[in-house]
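Next, two complexes with subunit A in common: one pairs it with subunit B, the other with subunit C.
Coming up: the complex of A and B.
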């Protein structure tokens, strides 16, 4: 019995204080959820090499050798079955009108559906490669559609935009594109 | 009118077919012929995160991108690639988040060190307490 000591006043409150701190931590985590986007870790690294067949008959496919011709480009990963891709179509058209070359990679798509999609939403693409099994999408570190990469003239990936490009985001894309061209 | 009804019926039943028409990777829903290789692939797939439905492994998920990832895993295992090399390839592109197997890095070492620290602390405290009792 001689070993027993009464806990000091502050020690009595310690468990409650730890519990309080825990509640604050959980509440903060709930109110500010972490972003769910999985960014590619290939930014600053070269474009993986690939050769995709044409997605539309009579149009060129996409070979990764075009990315080293000295001109920066946008690479848009999209699909006809993707609703946000329809949302960003006017923004892609605006970028194409501003003189930005856009290459398309259509993921897990069919020629028929893609044809309808392009007819309905416009076709801002220089080339469209058919990534039917989605392997080029994985090689690029892309986790969904739509995603847009900016690749500089030496084939280095400079920027990744995850999700649809909204109207207010066009200036950011344009300035990143110009930066990649310098 | 009969003709019209017939067309409507055809349209109603052909719609689901049209919706399924997107293509997918060859081994998304097909197992490898060699059971040993399939088991290797399955083990790896269960420890890779689906990037779209992030609480699920690619083995559990029906998201299209998970199908592509399964096919990637199976095709590479079939070629004789080591499962850990495939995991490495994906981590290189998506970061540690894609893997459910935690790695020891400069960011994650406290996760492994703190439990050891607590165990050591508990050991010291208990020894002091019992040691004191035994001494008297």
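Coming up: the complex of A and C.
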């Protein structure tokens, strides 16, 4: 057993081929659209009942009875301290301009901060309820802010969007909203 | 100002990395030999600038500068100081900056101290290091700028998430990063050696301290991560084969193999191409692991936090770096001979078995981690867990451990079993004894049974290399090897014992009632509500006594956090030398009774003590190797001085 041996030629390409297969696999995985709508157990269920006091003086609070008046609505859970909420503000404004009624639930906020937030980022909300201890957020099964729900005219939750609404997602939300109105 | 300074330092560092690459390539190709002299100083400067940028980020976090987007998103003025500090690397952008900083500093250190290798190989190595760095600088500057301003500034930061305020979480990621990025040096050495075809003992000796250092950090990082999951998740398990865990295990497996093949190359000038390939693979596994975790491709639960653009960028980096390195390997390794040959029964032979088995386990873990992706591509949602990993891993782990008992006793080049056979009688007897004792126990699984028997044999066998040695003249690296191998036996015994002898009990008790688990008597005294800064909890007050001895109070909690709303269990642990009592408080039953989940886990702590021993072994070996290198350099300089003075 002496002399020096060279490794076989084809074997040297094997690591590269395995790596190539890995790249193809994960590229396919990245290209496939990630499922953004988490199959929430609340979809298809009625809105939980709650009555939130007004978050801003002189504006109405949010009572869950409004959801059964026959009109579909958007419910947006947000907070002045939440930065993605600023990011999605233009999209909410666009939805409001398209005639979508938006109800706000502001989570653990102060009137002062909320006032500044609305002044800086616009105010697309019909009503804003103050959820000071996060109980309603919890009841809605929301895992963080912002989150947006579409509720149909009978008070049934039809759609849930987790995280900020990006510009390219506005059409999706709009079509879901129209569907909820039919 | 600080943010702009940091950004400027980062751009400068990136530019210097480009210069380092360019000068290295020009000098190597003979179009600018004069440039060879600037490569080392440029590498040092590049590392220092990256460090300056990282310091700038730390200052921004300490001062909670809310006009910086990253700070506003991840910090809060009311955070304790230590978490403000940790916040600077506890997010995507900051951790990538830490990554390039460690890489830059490692490159600077290599440039500063490494003088053993031929100059062309050093130039190629530093150019390679610069090439990899440039990709990460581009990633930072183009799609993850940590110094981005927020206009207008946020009134308050967003990052008071209590779950992330944990001392273990604050220091666990940087520990792993030091390991991941330390392997980048081995990667660059491998590239340098392939380019100049200089694969030999000097290359292995230059690379070894880096592999050792990275491996120590990886070992500690994995052990700490495992203990964190054990006490924090409240499931009583210590390893879940979760993609994030596998992402740290895979580089460790590759680095362990590399460490051993480096030894063969340094001592015997054999396994050349194989060692070079492992050098490439080890850092590749670090990058692949980081990609899998960062891109969120495997954790669809958090799909909304994933940025596909970033995932694509890291993937492109991977494809260029790893693909390029493996192509170079395929082209060049054919001209690198495998080196000196050896008999099957020899130290080299044993180390080859070690390498093949470690690589096989690496393949199994990689395949199991990626399998859900393969299945998803075919339209099925699956998860791969312990039923796959445990037996498949054991198929290769068991022969590797058997060889581990013999390997360190064998001579280099050629040996015979008959020579070492009688030294192995003691371990064999102990293993058989353990098997005999265990056979009387009923209900032990096959794997835990094998585990305990092997651990018993290995505990003795690992000490045998010290026999007939003068302890004071035994090199530190031998002590290190013995400590690490003994640590394997200790950890293995802990794992097998936990799995074989754990007693689990799920009971519902009223206040005042008692239950037994293993040798413990546990009484529920009462359940009280307690409140923290941003959580409320139900706290169970229990008194536990070991075999009727003194009573100790323990207090497991079921916590509810508000932001984000989340339930966590704070398990209560009671540690004795021979195991841990692990108690989790469950919900309240309708009739006023409380659910308690109790485990008695004999010798479970040995898992992590074993891990620490393994890392300690690595540290001893590292100190020994570096000290002997330094001694050799000093001796050489003395000789040179003497010659000079004689010449006069």
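Heads up, the rule we're going with is that the second predicted complex is superposed on the first by the 142 of 182 C-alpha atoms of A that agree within 3 Å, B and C clash if a C-alpha of one lies under 4 Å from a C-alpha of the other, contacts with A are read in each partner's own complex, and residues count from 1 in each chain.
The working rule: a contact is a pair of C-beta atoms (placed from the backbone, for glycine too) under 8 Å apart; a residue touches a chain by one contact, two chains touch by 3 or more.
Computed from a predicted model, the values in this text were never measured in an experiment.
A.B. asks: For A:138, using the defined touch cut-off, is the partner it touches subunit B, subunit C, both, or neither? Pick first, second, both or neither.
C.D. replies: Touch partners of A:138: subunit B and subunit C.
A.B. asks: For A:19, using the defined touch cut-off, is the partner it touches subunit B, subunit C, both, or neither? Pick first, second, both or neither.
C.D. replies: In the superposition, A:19 contacts subunit C only.
A.B. asks: Once chain A of both complexes is superposed, is A:42 in touch with subunit B (first), subunit C (second), both, or neither?
C.D. replies: Touch status of A:42: first partner only.
A.B. asks: Figure out whether A:110 sits in contact with subunit B (first) or subunit C (second), or with both, or with neither.
C.D. replies: first
A.B. asks: Using the superposition described at the top, determine whether subunit B or subunit C touches more residues of subunit A.
C.D. replies: The partner that reaches more residues of subunit A in the superposed model: C.
A.B. asks: In the overlay, answer first, second, both or neither for which of subunit B and subunit C A:172 touches.
C.D. replies: Touch status of A:172: no partner.
A.B. asks: Is A:51 touching anything from subunit B or subunit C once the two structures are fitted on A? First, second, both or neither.
C.D. replies: Touch status of A:51: no partner.
A.B. asks: With both complexes overlaid on chain A, does A:81 touch subunit B (first), subunit C (second), both or neither?
C.D. replies: both
A.B. asks: A:98 in the overlay: touching subunit B, subunit C, both, or neither? Say first, second, both or neither.
C.D. replies: The answer is neither, since A:98 touches no partner chain.
A.B. asks: If you lay the two complexes on top of each other, which residues of subunit A touch subunit B in one and subunit C in the other?
C.D. replies: In the superposed arrangement, which is not itself an observed complex, subunit A uses residues 2-3, 36, 38, 80-81, 108, 113, 133-134, 137-138, 143-144 for both subunit B and subunit C.
A.B. asks: Note which residues of subunit A are touching subunit B in the complex, please.
C.D. replies: 2-3, 36, 38-42, 79-81, 107-110, 112-113, 132-135, 137-141, 143-144
A.B. asks: Enumerate the contact residues on subunit A facing subunit C in the complex.
C.D. replies: 1-7, 9, 12-13, 15-16, 19-20, 22-23, 25-30, 32, 34-36, 38, 80-83, 108, 113, 116, 120, 133-134, 137-138, 142-144, 162-163
A.B. asks: So in the complex, the part of subunit B that touches subunit A is made up of which residues?
C.D. replies: Residue list for subunit B touching subunit A: 21-26, 51-52, 54, 64-65, 67-69, 71-72, 90, 92-95, 97-98, 129, 132-133, 136.
A.B. asks: Can you tell me which positions in subunit C touch subunit A when the two form their complex?
C.D. replies: That would be residues 69, 72-73, 150, 152, 154-156, 158, 273, 277, 280-281, 284, 288, 291, 295-297, 300, 303-306, 308, 311-312, 315, 318-319, 322-323, 326-327, 329-330, 333-334, 337-343, 370, 373-374, 376-377, 562-565 of subunit C.
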